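Here's the structure, in structure tokens; my notes come after.
All chains are identified by letter, namely A, B, C, D and E, in their written order; residue positions are counted from 1 within each chain.
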Amino acid sequence: MDFTSIVGFIAGLALVIFGIVFDQSAGVIWSTIWNFVDYPSMAITFGGTIAATVISFPISYFMGIPKHMKVIMRGNQYKPQEYIDTIVDFAQEARRKGLLSLEDKASQLKDTFMQDSIMLIVDAIDPAKVKEILEDKLNGLEDRHSHVWQFYERFSTYAPAFGMIGTLIGLINMLANMDMNSDGGATKMARGMSTALITTFYGSMISNLLLTPLAHKLHMLHDEEMVCKEIVVEGVVAIQAGDNPKHIEERLNAYVNESKRIQKVGTFAGASSSSNDKKTKGKH
Amino acid sequence: MDFTSIVGFIAGLALVIFGIVFDQSAGVIWSTIWNFVDYPSMAITFGGTIAATVISFPISYFMGIPKHMKVIMRGNQYKPQEYIDTIVDFAQEARRKGLLSLEDKASQLKDTFMQDSIMLIVDAIDPAKVKEILEDKLNGLEDRHSHVWQFYERFSTYAPAFGMIGTLIGLINMLANMDMNSDGGATKMARGMSTALITTFYGSMISNLLLTPLAHKLHMLHDEEMVCKEIVVEGVVAIQAGDNPKHIEERLNAYVNESKRIQKVGTFAGASSSSNDKKTKGKH
Amino acid sequence: MDFTSIVGFIAGLALVIFGIVFDQSAGVIWSTIWNFVDYPSMAITFGGTIAATVISFPISYFMGIPKHMKVIMRGNQYKPQEYIDTIVDFAQEARRKGLLSLEDKASQLKDTFMQDSIMLIVDAIDPAKVKEILEDKLNGLEDRHSHVWQFYERFSTYAPAFGMIGTLIGLINMLANMDMNSDGGATKMARGMSTALITTFYGSMISNLLLTPLAHKLHMLHDEEMVCKEIVVEGVVAIQAGDNPKHIEERLNAYVNESKRIQKVGTFAGASSSSNDKKTKGKH
Amino acid sequence: MDFTSIVGFIAGLALVIFGIVFDQSAGVIWSTIWNFVDYPSMAITFGGTIAATVISFPISYFMGIPKHMKVIMRGNQYKPQEYIDTIVDFAQEARRKGLLSLEDKASQLKDTFMQDSIMLIVDAIDPAKVKEILEDKLNGLEDRHSHVWQFYERFSTYAPAFGMIGTLIGLINMLANMDMNSDGGATKMARGMSTALITTFYGSMISNLLLTPLAHKLHMLHDEEMVCKEIVVEGVVAIQAGDNPKHIEERLNAYVNESKRIQKVGTFAGASSSSNDKKTKGKH
Amino acid sequence: MDFTSIVGFIAGLALVIFGIVFDQSAGVIWSTIWNFVDYPSMAITFGGTIAATVISFPISYFMGIPKHMKVIMRGNQYKPQEYIDTIVDFAQEARRKGLLSLEDKASQLKDTFMQDSIMLIVDAIDPAKVKEILEDKLNGLEDRHSHVWQFYERFSTYAPAFGMIGTLIGLINMLANMDMNSDGGATKMARGMSTALITTFYGSMISNLLLTPLAHKLHMLHDEEMVCKEIVVEGVVAIQAGDNPKHIEERLNAYVNESKRIQKVGTFAGASSSSNDKKTKGKH
């Protein structure tokens, strides 16, 4: 479980509420919070934003929101180093016992993409086709995922727009009915302006504390997933080609942050996962 | 029929109107709606927006608006899973009876793109050329469709621009003729400001509740159509190459959401549509 | 001649002027138009915009303005269907009488690009080179044309910027010299503000009713020209390869809107331009 | 020398100053210019903009400013037609006397890129490598040049940002110290507002009359240089391949505006620079 | 060490503070600085910005901030000319003594990427694979680095957004509680407005003087590193292919600014680093 998103959201909300109720001279005045609650404003901002998004996207994207939230709560499950280790493990197995021997090992994998990928080479499908199939899968996945984060991005652009529309409505109504010469005209105008600005506040908050960060988080999680999927694709293709497990590892290390490898990498051979790195140096 | 776009538009409009007429203290005041009706404002915002779009695009795009609306009302007609099933069906037929046997089957297809594509391989055209022809068709389609949603996107950027131009006109006129020292000067100024802001309101509404969502919906419908067209292209090329129907299905599944397949996919073989998935495992 | 651009511009201008002079209560007051005429404002907005564009682009782009206007007035001259028909015609001629026979036919063509392209295959230049030469030409054309519409796009971004600079100048001057305590101070301030906003109005109008639409129109005309040029390139390459005229037509139809072909296309064979579509079906 | 940039800048500045000092009723009042001079405003806008750019870019970019100015003053030195003529000249020489004969001719060239390029084929380096070397050079050049115009672009985005920061500072100070009830409170507020807006004015002017146009001019000059460099690369590769000088010219003409060639081009052969265009037609 | 970033930041901050405290008539008034310190404003702007970024990015990016600062403080360590010299040196060594002889030399290199790259050819790995491995590494590096600068870019876009949210909160509170008819109502309103604007000031400063420049600096440092890494990749591939060291140098010079080479480059041969440039001319 990855609570940073929830922690971030709650902390952001708490800080904004603190900013609302705290007055440097008078201290905390909780009643101030009611300046920020206005039902017609909610109707315009939340309702309008959702309505515009309903027109823009098939309803299935809205149905997917709980699933997307679960994905964000779960956090990143993809550790490139584990994937590299697994691939190297499979590569060594394949060298010793042949590609067919991978079937049993593969059936124990939790990652179905990796499992399917390895079954492709167990099934002895043509190497060029294996690569094509796996790259098609990655492209398909990227397409579908990108539509999801674009959903939140688009959602997040409607929020400030309807916030502004709400403020325009408030201003137009206020100014049309204003009688500046009557007693309290200016005070009434100030109150009206205050209410008018609430929708802009709503729109900015939804966009900047909720939808934009969610869109970005989903994009980041996708990127982290893709790194592992690319490791699988490149690894599986290399296993099928019968490459040296050490060379496979060296290549796949390209996907991992250098600093994480810096301890064990001395020379090229040092990139191998075997414990006798230094000794093997120069032999191959 | 897909009513979500209309429902979204009407709901959005209703919520905005509710926001206009509802006052938290006084309840619903229907007459408020007249604050938002101003004919010269309409002339500037709607007229100016359309005029700028007329200069930017050939008139044929305006002629196409009813057709585009029909496309949006019809909603997505392209179900990737159905296309995959049809392709796999054709692939099995081709394996059993040869490519020529596909002609009759193809003539019953409703999708003319799929029909034309299959006729290309029935006509025994060179595989490389079949791929080129079909990809040219997809590119041509993408070009034409993208011009359509760009039409609505461009349209939607002129609306707030002419909304602002209208507001500037209102402000300049109001400020030039203002006599702040006379009785009711400030009140008159407030009224003028109210009217001036109406064009900005019009521009934002047209852009955010109508044109931008339409542009995006057309883009989404295109993306969903393209997925099916790409399935056809890849499938037809694979049929011509004489690929194993199961492998074709596995490849085309790359275009479909994983979760939709999760039930029937256990191993690679499980991706086949045949009912005896498990039994065939390990055979090929 | 294509008058839509002029009609659009004049209609837009008329609507804006109507919005200026029409008052919902007082009717048309023509003198209002003078609120929008201010010579120093013109100097800043028009002059500044042109000056910034002069720095940004070689002077030759300004020299080209009359030519660009002529191109826009002329409208789209490129009909894909005509190009396809001509190419198919040449393909049939080439099949019957050989490539050399195309020379006379080509010399009668009005489109010099098509003429030059066909002369390349009459001159029996190497197919790979023909394709390279023609694609270089398209790229070169795209480069030069894109610079032209970028000229208008860039031009159009300077206009609102100098509009805002003018408004800032007006505001700074007005506020610096204001004496709010004197009689008529507020009225004078309102007048000053009115004048200050005129530059923003000028900038928005030039950008949104003139320069942006022109930039976009030129882009659209280019896109329509490129479709025909691509038809020529693909057609000429196919003629040189000795392709079947019917197949050439089928391929080139990828560039044309489906709906335009829907009447005559039944099956693949139906895409041929010959009158006996149905009869030939199934023969090839 | 190309004075358009300086002329544009001076004209723009003069028009803005005219807009500042000219009053439609009172005529020119030179003292108005002092409303626009404020030293703390300069410190914030100019200083802040430069400071942010110093953080963003290595100091060497600032050192290069005089050189960039010289490049802009010099204007475009690259005439595609001259380059084509030179290449065709070399191609004819190479045909008559062989590639080695080009060495002397090349040593007289002023353009070192062209000289180096021709020396590559004189040195009989492998054709594939020649192309790679030259394309690497173009890519390297594009990389370095693009960093330069991005420097001015980035510079130009900081200017309005610090202009706004200055205005915020002015407003916050003014509003915090304001006593609206005292005599002249409103007048003093107007003065403060006037000063606060000066930084926004500075930021807009630097960005729109200086930095953005410079960035764009450098980009344009780069584009014009690249066209000639691409002519050299394509020409040199063609010379090494021993292509017909006429065909080389025809291909390179793809880089030149059609209208410039329209007079002398009748048919394909007509694109040759030799005087006996018509007679040679049909011979090759 | 590269102090320009710190110098730039401190200078920018000092200039802004000078702009705050300096008044053209009254001189420096240090107490003005307190107008710009407001704790709830800090909570909203800094807190909200960080909260939104925490949702958007994995926490590891925050952990990396000290490392990123160190990278910025260290400045550019990558000198293309040194890399070219080293590669040419290795190329000469390889020509004289064979690829295996490079192992000892490579072990003394400080740059581990270069070391690993040379070990690949010492280990006699297949040339095509060497190129693939190294390009994978560059792509992986680009991916990881681009996520880092995108972190600062995204961070920098939240800052003005929460600055605006803070200002909205301030305005809504102020306007809701305002009593314009009481004594000092306008003065109190001015004070409230002043405080409300502080968050916008904070947001702009963080974004424009800190986060945006840092993002750009990291991008620039990456670009400078990549040039050297590309030199290594191209150089190592050329060494493995047994290319002439002079030709390798000529090619790698494509990555270096022309002006830096202008002194020693006369002709093609002049690009060699040997001291007898002129003499070797024409020999090869």
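The definition used in the following text is that a residue touches a chain if its C-beta (ideal position, glycine included) is under 8 Å from a C-beta of that chain, and two chains touch if they have at least 3 such contacts.
Which protein is which chain? UniProt says A, B, C, D, E = Chemotaxis protein PomA.
These figures come from a predicted structure and were not determined experimentally.
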Chain D reached from chain B - shortest hop count over touching chains: 2
Minimal step count in the chain contact network, chain A to chain E: 1
Rotation angle superposing chain C onto its copy chain D by C-alpha atoms, nearest 5 degrees: 70
CA centroid of chain B to CA centroid of chain C, Å: 24
Chain C and chain E: spacing of chain centres that average the CA atoms, whole Å: 39
Multi-chain contact sites of chain C, meaning residues that touch two or more partners: 189
Contact set on chain D toward chain E in their complex: 38-41, 43-44, 47-48, 51-59, 67, 103, 107, 112, 115-116, 119-120, 122-123, 125, 129, 132-133, 136-137, 139-141, 143-144, 147, 154, 158, 161-162, 164-166, 168-169, 171-181, 185, 189
Complex contacts: residues of chain B adjacent to chain A: 4-5, 7-9, 11-12, 15-16, 18-20, 22-24, 32, 35-36, 75-76, 183-184, 186-187, 189-191, 193-195, 197-198, 200-201, 204-205, 207-209, 212-214, 216-217, 220, 223-224, 227, 234, 247, 250-251, 254-258, 265, 267-269, 271, 282, 284
